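Next come two complexes, and both contain chain A; in the first it sits with chain B, in the second with chain C.
Up next, the complex of A and B:
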């Protein structure tokens, strides 16, 4: 039953993809030779003008280019010409660093806030104000104080991924079922052991949900941040290829950004499932 | 006089009331239990039974008064007093063995894994869960979960077992089996047990003493009923005992009518000297003048058998 549903859904997905690629192909294919023009002018204008080819690349162009990239993902021909693997690697490393730093701060801090009603009330106004600030708004301040574009990007990732984790940790810790706490209390379990053996496992699904939201936001933000700071990374690659007017490369980058984002989300989803136990 | 293993001395519990004042769940409550006795508390919903149990467990502090266990005033929870929670309160991320082992390691911190496991296994076997050690709570039936709760409470070899309606969520059949098991275990290990129940038959089967509480707010302990049935009573032939109906009628009668207007009827009630009712012993009993209650007039779930009260 479910397997047949999955099979049918898979088939529909393939049909939809094929239809999309087909329409894309038809919409962007060459419309044959166009009005005669002087050969010199035609040379100048390129295929777009001479063969009625759309400026938007078709799926075959993108596929061919993608194949090229996939064969040499890690080449490095100077600052403006690096393999996609290298660019993605830079982005993932930045996201990873900023995100890990945020985990290291948000989870212990969230634990403290969640366990202390006083801290929770005292810090609430700050969190409420800081949370809705667009992470990119921090960029000038970061660039000014840190004076290093790469670290500034990491800082922006840090600041954008900290809030969902912090808030979810606080909520998860504060809403641990009273009866589980009471079990620990009747067994005279000390505060530290209680935190690790009852509160952490009980709050883990909520904390990991926060971490999953965070990684999604971090991956959204890194592209914009790298467009701003430049140098390396997939965001910079997109911007650079736009300046080179290589729409093909832009499309490839978009596709890869989507795939990496999906993978990051799936990894966190798997971790969430690992710590979630039905009652 | 009688040895007071547990002595609740004049406790009160007050909560901030609606109009700025305070509402007392109960005031000046006195209650004592000798060692090795099984006591049940019966009273209507909201009268403060759970509150008393939580205070006994040390999970909650009384607004006034003290609880003395084995000659010492309690302050907070203790591994000597195990609690069986109404909602079993198992940790869902731990297996059956893990849940029991958690209690065992909490009591004996220096034990190694093998010893903890062996000890936990003994109690899992005791409640008849052999073979389910590695299941998680979500894979267990309600009755099995409650058994794990019992195994967990027993595994720390407490001096006192506190049970808050432990079987109320179970079907009649499972409840009967678990009642048998709890009774056997308590008799074998000489536990002092304090149990809240809504089921009159459960109280009659299990308890040596039954505490009757009036309705809240301002609930009082109205009577202590001594169970006249022999210690070796069986669950199935309970109702054949000549004193069974007198006892049952007395309790039901209290719940149906006297619990509501107890304060008005007995203005001279002394909370420090709660009358002890001895059913079937003329001269000492008040049951004689209590008229038997026709079962139709009440919705008290304990009246219908098999009971399905919640």
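Up next, the complex of A and C:
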């Protein structure tokens, strides 16, 4: 039953993809209607104007271009033109740094807050105010105070990925079942040992869920931040190609951003499964 | 005072001097000018050779009369050959070209991918930076505000900025007041008013009431020129039309999406809109003011004082590149050099149309205007005064402003003149010139009267 369900789902996916590509292809065919123009004028004009080519690239254009990129992902033509592999590498490195810093701060802090009802109540208003701020709103402030664009980008990743982790850690730690803590107390387990052997494993699934939400947000933000700051990264690539109005490359970048985001999410999903326990 | 004048010569200022002010007499001017002018000299090396040779010549024959007699009797080329027999002219030229070792060799220069930045960009692939002993990385930047912040943060040592930006930054408009300086103007002309194709019958600006226009930045020549143009046709740019600050690449997309009716934008964007069949060229900016500056090469005062030799070498490289770009025969090569994704990232055809001045106008015609964009590095202080008058006119500057002081602090005409002279180019002797914008002449000595003479302006 499950295997046939999987098969059927796969079939539907393929049919949907084919339908999407087909409609895309039809919708972006040349219109064919072109105003008459002299040959020397036509030589100075683009294909959109001379051959009625759609301004939106079709799936075949995108496929050809994608193949071109995949064949040489690591070329380096100078500071403003690098291969997609290098650009993705820069973005992932930035996300990784900002995210790890956030993990290092959010989890211990969340632990402390979660274990102390007083701190939890006292800090709650601040967290609630800071949490919904769009990460890009931090950008001008970061650029102004840090005075370095790449550190600013990392800071923005840090500040936006810290909140889901912090809140989930606080929640996970605070909602560990009272019975377990009471059992630990009766057995006279020390505070530190209690934190590591009872609370941490119990709260781990919630914490990991927070981390999973955070990596998603971090990946969303890096693209926007790099478009703003420029220099390197997949966001810069999108901006650079947008500058040249090359929609083909923009679509390729969108596709890759989606794939990398999915991979990052899957990695954390696997970790979550590792720490989940049946109750 | 020219670098080559002898400061111990008691006669120097007593005689009338020559028309360019660099020589002690008219005869000497005539003697030196073929070697000092940039145009008839083919290459850089030749130009430097000329400067060095004339300096040596003058040192050997301090008396004008004696030198002239010598030159007359043997001829200039024989004299030069004789001179190089016992004076190592070649070595002297090399030493001269490499004056003052730069304090900092690895520099970062930011640019916005438009053809205004041509000299800054082309200096990298065509080797102008390395010729002046620098290792410069030119970094593409997302927008004017970002380039401003990155230059202020010292991530860039120098940057491509819109000509009014260094004035605005120095005055603290839209940013903290930080003293900036402009050693060179990048380009003159080279902008245009593009309208959506559906407006091809509305060529009279009087019909433009209620339309939406895009400009690249508030502190830009584009903003001032468009406002000037509209106001001259009786439209108040603040109330009759909508002006929006839009990053250049988004202008074409917005024009296609019908969000705006037109724009006054830097080039390759104008031509790109035509190339993609979404707009037509209504007017080249040179028709508003022929020879107007657009973008500048700017650096903070701090960089100039901490690394004066690097700054001088950088300015020399830019001036050199600008001189190269000003020649029509080099333009095709430049278009190819700056088109790749590492630099402007645009189709070569578009850049060629902008730089060579033979372009499709978007209405089915091919037009030719060799001066569509031109390059002239000299930072006229009168340009700065004009921009300040427009900032005042449109309410960006509130209260009084000392036009002349600001212009002289930011636009480094004196330093650039000295460098250009050293390089064997002939800069103008004055930093002020009057010019006409849409037929109305501008007198840089009476900026306040100029502002007051406009009927349409923001009440301040």
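One rule holds for everything that comes next: the second predicted complex is superposed on the first by the 273 of 279 C-alpha atoms of A that agree within 3 Å, B and C clash if a C-alpha of one lies under 4 Å from a C-alpha of the other, contacts with A are read in each partner's own complex, and residues count from 1 in each chain.
In the analysis below, a contact is a pair of C-beta atoms (placed from the backbone, for glycine too) under 8 Å apart; a residue touches a chain by one contact, two chains touch by 3 or more.
For clarity, every value in this text was computed on a predicted model and none was experimentally measured.
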Clash-or-fit label for the pair chain B, chain C on chain A: fit
Contact breadth on chain A, by residue count: chain C or chain B: C
First (chain B), second (chain C), both or neither touched by A:197: first
Touched partner set for A:80, first chain B, second chain C, both or neither: second
Which of chain B and chain C A:227 touches, first, second, both or neither: second
First, second, both or neither for A:259, with chain B first and chain C second: neither
Apex chain A: angle to the C-alpha centres of chain B and chain C, given in degrees as a multiple of 10: 150
First, second, both or neither for A:182, with chain B first and chain C second: first
Superposition-derived minimum Cα distance between chain C and chain B (Å): 50
Residue numbers on chain A that touch chain C, as the complex places them: 35, 37-38, 40-41, 43-46, 48-49, 55, 77-81, 143-144, 147-149, 227-231, 239-245
Interfacial residue positions of chain A with respect to chain B in the complex: 177, 179-180, 182-183, 185-189, 197-198, 201-202, 204, 275, 277-279
Residues on chain C engaged by chain A in the complex (per definition of touch): 113, 124, 137-142, 146, 149-150, 153-155, 248-250, 252-253, 256, 272, 274-277, 340-343, 345-347, 349, 353, 358-360, 364-366
Of all residues in chain B, those that touch chain A in their complex: 57-59, 76-79, 81-83, 85, 87, 89, 91-93, 102-103, 106-107, 136-138, 156
